[in-house]
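Letters A, B, C, D and E mark the chains as written, and numbering starts fresh at 1 in each.
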Amino acid sequence: MKEVLLEAQGLTKHFDVSEGFLKRKKAMLRAVDGVDLTIYTGETLGIVGESGCGKSTLGQLLMRLLEPTRGTLSFTGSDFLALKGEALRQKRADIQIIFQDPFSSLNPRMTVMEIIAEPLKTHRIAKGRERVERVYTLLDAVGLDRSYARRYPHEFSGGQRQRIGIARAIALKPKLIICDEPVSALDVSIQAQILNLMARLQKEFQLTFLFIAHGLPAVKHISDRIAVMYLGKVVELAPKQALFAQPLHPYTEGLIRAVPIPDPAVRDDRERVMLEGELPSPVHPPSGCRFHPRCPYAQASCVTEEPMLTEKESGHFVACHFPLEKTRKDLM
Amino acid sequence: MASYIFKRLGEMIPVLLIISFIVFALVFVAGNPVALMLPEDASQEDIDQLTASLGLDQPFLVQYGKYLFHLVQGEFGESFRYNTSALPLVLERLPATLELAVAALVLAVTMAIPLGIWSATKQNSPVDLLAAGGSVIGKAMPNFWLGIMLILIFSVMLGWFPVSGRGTLGHLVLPALTLATGLAAEITRLLRSSMIEILNQDYIRTARSKGMREGMVVYKHAFRNSLIPLVTVVALQTSTVVGGTLITETVFSWPGLGQLLIQAVHTRDMAIVQACVFVIAVLVIFMNLVADVLYRLLDPRIKYE
Amino acid sequence: MKKDTLLSVSELKTYFFMESGAVPSVHGVSFEVKQGETVAIVGESGCGKSVTSLSIMGLVSSPGKIVGGDIRFHGQDLTTISEKEYRKLRGNDLSMIFQEPLTSLNPLFTIGSQLDEVILLHQQVTKEEARQKGIEMLKKVGIPRAEQVYRSYPHQLSGGMRQRVMIAMALACEPKLLIADEPTTALDVTIQAQILQLMRKLVKDNNTAIMLITHDLGVVAEMADTVIVMYAGQVVEQADVFTLFAAPAHPYTQGLLASTPKIQTIEEELQSIEGTVPTQETMPKGCRFFPRCPHASEQCVQNQPSLLKIGGGQLVRCWLFDAKEAASG
Amino acid sequence: GDGHEDAAEKGTETKGESGRTLTIAIGTDIVSFDIHNHNNTSTEAVHDNMFNYLFKRDENNVIQPELVETFDIIDDRTVEMTLKEGVTFHNGDPLTSEDVKFTLERVAADDTLQEYPNYKQIKEVEVIDDRTFRVITHEAEPSLFHRLSRLGSGILPKTYIEEEGWDNFLANPVGTGPYQFKEWVRDSKIVLTPYENYFEGVVEEWDEVVFRVIPENSTRVAELLTGGVDIAVNLPPADWERVAENEGTSVKTETSNRTIMLILRATEGYPTADLRVRQALDLAIDNKAITENVLRGGGIPTKTRVAPGNFGAEESLYNTYDYDVEKAKQLLKEAGYPDGFEMTLHSPHGRYLQDAEVAELIAGMLQAVNVDVRLELMEWSNFVEMRQAGENKDAYLIGLGNSMFDGAYSVDWYRSDRFVGETDYKNEEIDTLLEASAVNLDVDERAKQIQEIQRIAAKEVPHIMLHQETINYGVSDRIEFVPSMDEMIYAPAISRK
Amino acid sequence: MQTDTTMASPAERSRRIRSNRLLTWSRRLLRSKTGTVGFILVLAVLFLAAFADVLATHNPNEVNPALMLKPPAWLEGGSSQHLLGTDHLGRDIWSRMVYGSRISLLVGVTAVVFAGLIGVAVGIVAGFYGGWLDRVFMRLVDAFLSIPNILLALVILSVFGPGVWTLIFVLGVTNWVNYARLVRGEVLSMKEREFVKAARAIGVKNRMVMVRHLLPNVMSPFIVISTLSVATTIILEASLSFLGLGIQPPDISWGGILSDGRDYVATSWWLATFPGIAITLTVLGIIFLGDWLRDVLDPRGQNRR
C-alpha cells in the first residue's frame, strides 16, 4: 500500500573545516552522519531536533543542493545520485524546497510574477499568456490576490511571502516538497494560516512533505511520522502518535517534556525531567552514543558503543542501547 | 599566531610573482631605454651598441627568466641612469617615504578619530555637518594643488613652516598635512558610519542598561569595536598613501621613493621602476599583514593558532 | 498576602519619528507590576512589546521618543528624572535581559569584565570583590566551570550559556524588577526549559518582579501570574493567567489560543486568524483588530474601544464588552 | 689624508654660521659622480666645482688651459701637454700623467659610458713623465680641444680608484677642484666644502655649498622668496616679475647654448618637401612674439643654430628672424596650397622652457596662413621613442645644444645620410662642405665652411630655427652671481655682497 | 495591502507603481539636503558638458599672445569678453572649463564603466564558482591592490604614451580590482541566500543564476562604489596631469588646466583656482549623490531613519 518515494541509506555530509597553513589540522564537521530514511508517497515526514543538528543539511542533501560525502539516495526508484547535468536539472523539478526565512528566499529584485513563473520558464512548461494564467492559478491556490503579481517581495508581509514561496515550490507539481522550517519565522497567528494552507495543498496536489522544524507542536500537527535528530544522526523515528505516547529515546523524551504547554493549569504538576548540558560540537562528537553526556540514563556501554537505529516496535525505530520503557518511566 | 603569519607570508609569494610579471612585461613593452640614455644627437650605431651590451636585444622570456633568477637573489639589476644596483638605491629612500607616510597616517588618524566619534554621537549636529562637509572637501582636493596652496599660505605668506626638504619636524608638517587631509576625510567618514552602526548594536544597549555613562559606553564599548574596521581600512589605504607620497614628495622635494620613481619612469630606468614597485608592493602587503595581525589581537573572535 | 505596586505604566505613548512621519509604536499602554509578581506580555511581532520595555528602561533611542504618559517605579516618575538618576536605577533596581543572547554581549570583552562592570557601577566593592561576586553569580545561574567561563569571550560560549550570563548580569545587583524581553526565543526547547526553570527559581529566591515578554503562549502558561495581551501598540486584554487561558475575552486572544498547535492533542485543522497585522499605512481608524475580527461591526470600524474592566481584574479593549457593559449599566 | 679631512670637517663646524653657506636649488638631482656616464648639464654644474678639466672655456668662450700648463701640437694626430705643478686630489694624492691616461683612456675605450661617443676618437695617451703626456687620436681631429674642455676630461684619481674601488669612489668622490665632497642625500641635497689645498688657493668665501634638489617650480620659487635658497635655477617666466619685485631677490638671465627649432620632414609626399612650403612656414612664425610673450624675453630669435661663442658662428643670422604673413600665403599658393593644409607637430612637454606653450602658440600662428596644425604634445620619453622609430610627421619641436661649442656638430644635422627615413633632407652642396670640414685642420677655413652651410640652411629651411633659449636664475640679493652660457654654477665665482 | 481593493488593469497598475517609485525617490531626494546639492551639482556639470558648444564663448584652444593672463571679468583689468579671465596663452578660461568638463566626465565615467564591466564579471564568476578560479583571480586582485593606482597608471602611461583612451584604459585597469573584490564579497554572501538556492532547486542554469539572481543584486553596492570612483578618477586624472602624463593638448581636461596653472598660483590665481573649484565641486556633488544613492538603494534604509 505504501509506495516508497525516496530512500536514503547511510547519507553522510562532512564539511571540511580544516585550519592552519596547508590544512595541517584536519577537521571534519559531521553535519549529517549516516542517516537512513524512507519517505513514502503522500505522507508528511517531520524532522525535529535542536538547532545545528543537521536538519537543513539533510534536507539539502535529499534534493542534491549539496553533494553527499557518502551514502546512497534513490528517488522514485532510480539512483538519484547518478544523475548529472541536464538530467539532474530535469529531475530537480520533482523535488522542491520551501525555506524558513521568507525574507531571504525571494529575490528582492523580481516581481511575484517573475518569481513564480521562473520554474515554468526554466523547464519550458508554459509560455506567454498560458504561463501568466498558470501563475494566477497558483496565486489563487495559495490565497493571494492576482493583482499582487506585479509587486515586489518587499511589499509583502512575512506570511504573504511564505505563500509566494509555496506557490513557487508547487509550480512544477513536484512529487516531494522539503519544508525547511517554513513557519518558525512567522507570527503565531500567521503560522496557523500557513500550516492549514500546506495541509490543504497536500491534499489538493497529492504532495509529499518532508517537514523540518524545531517546534514540536507544529511538527506534530502536520506530520504522519516524525524523525528525531541529534548531532547528525536520526535517533528515533516513529508514527507521531506512537512517538508522543511512548518515546523510546531519552532525548525524545526530554524534548517532549521541554515543550511548554500553553495551559497554566498543568504547569505545577508537570514532571520536570530536564535535559542538562548543551549540544556538543559536531566537529568532535562524543564517543559511543552521541547523547551519552546529557543522558540521565547513560551507562558504561553508552560511552563506547554506538547504538544502531533498529525497529523496536512495528514502524518505531530507535537508536539507543537502553530504550525507555513505560514501567521505568512511571517509576521516575 | 606564528604559523598564521607564516602562512600569510607564504601567500605573498604568488602575489609578488604576479607583480613581478606585470611590471616586467610593462617595462619590456616600454621598449628600449638606450635612446633616452644617450644625448639627443647620438647616432644609431651608438644606440645599437649600448643596447646589445646591456642585453636588451634578447627575447622576452629570456630576459624575464634572467630577471626572476636575479630577483630571488634580491637583485633588480643595475640602474641605467645611476649605474649602481637598483635595490640599495630604493631602500635608501624608503625611510623618508615611510616617515612621511607614517606621519600622515598618524596625523590623519588623530584628526579623524575625535571627528568621527563626535559626528556619530551627535548626528546631524553642526559639528557633524561641518565634519561631513570638511571631509568631503578634503577628499575632493587634488593633492598637488593642496600642497602648493599650503606652501603659499603657511610658508610664503605666514612663514610658519619651511617650504621644502626633509630635516626637522617643521619640514614634516606641510607634506604630512597634504597627505593626511584626504586620508583623514576617508577615515572620518568610515568611523562615523561604523560607529553609528555599532551604537545600534545590541551590546551597546546592554551596556546602557547597566547604567553606564554615555561617554563610557561610547569609548569603552563602541570605539573598541569600531577600531576593527578602522584598522582594516587604514591598512587598505596604505597603498593610496604610498601612491600619494609620489605626488607630495615631488611638491615638497621630499627625498623619498616618489621622486626616484617618477624620474625612473620618465627615463625608463627599468631596474629602479621594478625595484620600487616591488618594494612598495611588499610594503603594502606587509602593512596588510600587520593590520591582519592587529585585527586578530583586537578581536578575540578570530582564533589564534 | 497583599503586594505593593512596583511599577505602574499609564497611557504610555512612544513614537518613532521617521522620514515618512511619526510611527506610534506604543499607543497608550497602561499596566501595573506588583512586587514579586511575574507579568507576561504577549503579542505578535511588532506590536510594541520591546519598545514598551525599552521605554521603561529609558533606552528608547532616536528617532524614538516617549511622547506621553508616565512610568512610575516605586512611585517615582521615570519620564521626568534626570539621566544621572536613571543611570543609578539601570542595572541596579531595574534590569533587563534582551531578546538576542548572541549579540547582546560585547564580543571584545571577557564575560568577567562585562559582569564586573555592572557590579562596580552600582556597588561599593573592590575589583577583587566584584570578581568574586561575578563568579558567584555565574555559579548561581548554573554555569559549570564558572571561573573558566569568567575568563572567556562571548563567542566561546553557546547561546544558552550566553543567555545565562545575561541573566547573571541582570541579577547581579538584585534588581526589584527584571524585564526579560523574549529571553528564550533564540534558544532550543531543551535549553529554553533550563533557562525558564532558572528564572523561576531566582525569582522565588529574591522576590524579584518580572516583566516577561514573549509571543509563546506555552512560556506564558508556565511562568506568568498576570498576562497582558498587546496588539498593534495597544493593550487589548489583561487578566490573571488562569482566567486568560480559561476564558479569553478579546477575539484576538481567543484566536491566538485557538491557533496554537497543542502537543497534547491532535486537531484536524488549526483555527487561524485570517489576514495580517496592520502596517502603519493600513492602520484602521477604529478598533485596530477589526479587519481580522469575526465579530466586527460598524462601530468597530468607526471608533476605538477603550480598555474596560470586566470583572475578576480582567481588562479588555473590545466593543463587544462595551456594549454589554452599556446594556447592563 | 684622513687626518686632514677631519680637520676640514671640524673647521666647518666651528665656523658654521649660516651666512657662510651657499644654497642653490636645482631642478633635478645629479645622476651620479661618474663624470663620464651622464649627459646632464645640471649634473655637470655640480661636478664642475669638484673636478678640473684639462682645458676650460673662459668667460669669453675662449678655450684656455686649466690643469694643463703648456701644450704643443706635435702632428695631425698628436698633442703633447704638461700638467700644472702642485695640483693635488682631495685625498692628498698629487695629480700625474698616469691619472690623465687612466681618465681619458677609460672614456675612450669603454663603450658602455654615455660620453664614449665624444671621446672614442682618442686612440691613446702616452705618458712621458709625471707631468708630461701625449694625447694621440685615431685620425686628424679638428675639435680635439673642444673635447678636452668638457666633462670627459675631468681628471679622476687613478690610485684612489684602483685601491678603493669604483663603488667607493662613487660614494666618496675625489677630484682636484676647489670644492670637495661632503655628503649626497639623493634627491635631496649635495653638500660640498672648500678644499684647503686647492692649487689656486682655498676658497674662503663659503664654508659650505649646498645644492638642493627641488623639482617643482613653484616650490623652488617659494624657497627663494622665503630665503631658503640663494640661487634657484629655471624659474617659470610667470614668476620672474614676482621674484624681481620681491625685496631681496632678483632674476638673472643668460643665453644658453641651446636653440629651439622645428625639424621639418622633407620626405616626398609631405607638403614640407616643397621648399616654398618650408619657407612659408618660417615666414608665418613670429619669433619675436614667442620670445616676448611666452618666454617673457627669455629667448633670442635666430636663424641659425650656431650661436656666437661657438666655433663657426654666422653672426649675421643671429638675433634676427623673418616674419611676413602675406608672403607666406603667397608662397603657399605658389606651392599649390592656396587653402592651406593640415600638418602634425610633435612637441615634448616640460623639457624646454615653456615648450608646450611655444608649440601651441606656433599652432595658432600657422592657423593664420590656413595651416591646420594637429599638435601632439608628448612626454619626453615617448617623444624620444617617436623620433627613434622615425615616426615623426611633418614637424617636431626640439631644442638642441652643443656641448662642444663647435658649430660642426650643429651643421652635421643637415648631412643627407644621417636622417634617411626621418627627415630625408638632402643638399649636395652642404654634403660636400661637411665632408671637407670634417678633416680640415685649418681653423679659419673650417669656420668659413661651417658658416657657408648655415647660410644655405637659412635659405633652404630644413629646420625652422626659432630662438636661442635663455637660462634664468632667481638670485638672492645677498650674493653676487653672474650666470654663464655653459650653465655651470661655479661656486668660487659667487661671493657675498 | 488589505485595503487595496480598487481594480485596475495590470499595465495601469504597474505604471502607477513605477511613477510612484519615481515620486518617492524624488521625494526622498528633496528631503535629503546633501542629496539635493549633489544632484544639482552633477546636473550642472552634465549641463556644461552637454552644451559646451553653446556655452563656450571662445574657441578653447585659440591662443592670443595679446591677451595673456587677463583676470576674471569682475576684477580690475578683466574684460567682459573673458568671464573667468585668460590663461598664459591668452585662451579663454571659461571656454576651456566648459570643454574640460567633457573630457573629465568622459574619462571619469568611461573608465569606471570599463573597470566595472571587468570587475563585476570577474567578481561574479569568481564568487559563484569559487575553487581554483576564485583563488587565481583573488591573487591577481591582491597583486593589483598592492601596487598603488597612481603608480601603475604612471608606468602604463609612460609606456603607451598619454592620451584620452590610454588614460581611460589605465584607469580602468587600475580600478577593476576594487569592483571585483566588492562584487565577489557580495556574491559570496548572496550565494548563501535562500533565493539563490531556491533558483538552483528549480533547476535554473548557472549562467542564468548569475545573470538573473546575482547580477541585479550586486548592482546597488556597485553603483554606490562606482559613483565614488568617478570622483576619485577625476582626481587621479588631475594628479597624472601634474606628473605630465594626463590628458594632452589639444584635448582639455580640468586636471590639465589645473596643472598648467600651478606655476601661476601666486601671480595669476585664477588659472588654477577655477579648475580646482570645478573639480572639488564636481567630486563633492558625486560623493553626495553617492551617499544618497547608498541610502536609497539600501533596502534596510527603507524603514530606518
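In this text, contacts are C-beta pairs under 8 Å (C-beta built on N, C-alpha and C of every residue); 3 or more make two chains touch, one makes a residue touch a chain.
Source: prediction; values computed, not measured.
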- Message: Of the pairs B-E and B-C, which shows more C-beta pairs in contact?
- Response: B-E
- Which chain has its C-alpha centroid at the greatest distance from the C-alpha centroid of chain C? D
- Task: Quick one: report the Å distance separating chain C from chain D, using the average Cα coordinate of each chain.
- Result: 89
- Mind checking the centre-to-centre distance between chain B and chain D? Centres are C-alpha means, answer in whole Å. 38
- Euclidean distance of C-alpha centroids - chain C vs chain E, Å: 50
- If you average the CA atoms of chain A and of chain C, how many Å lie between those two points? 32
- Junction residues of chain C - those touching two or more other chains: 276
- So which bits of chain B are touching at least two other chains? 31, 148, 152, 156, 250, 266, 268
- Two or more partner chains touched - positions in chain D: 218, 379, 381
- Partner chain C, residues of chain B touching it in the complex: 123, 200-203, 205-214, 221, 224-225, 298-301
- Message: With touch defined as at the start, can you tell me which chain D residues reach chain E in the complex?
- Response: 217-218, 221, 236, 238-239, 241-242, 289, 292-294, 349-350, 356-357, 360-361, 363-364, 374-379, 381-382
- In the complex of these two chains, what residues of chain D are touching chain B? 28-29, 31-32, 34, 37-39, 111-112, 114, 116-117, 167, 170, 185-189, 212-216, 218-219, 222-223, 225-226, 228, 379-381, 384-385, 387-388, 398, 400, 403, 409, 412-413, 418
- Query: Can you name the residues of chain B that touch chain D in the complex?
  - Reply: 31-32, 35-43, 46-47, 49-50, 53-54, 81-84, 89, 92-93, 96, 148, 151-152, 155-156, 159, 162-166, 250-253, 255-256, 259-260, 263, 266-268
- Item | chain E contact footprint on chain A (complex, rising order) | 60, 63, 65, 89-90, 92-93, 95-97, 99-101, 104-110, 118-119, 122-123, 147-151, 154-157, 160, 165, 168, 172
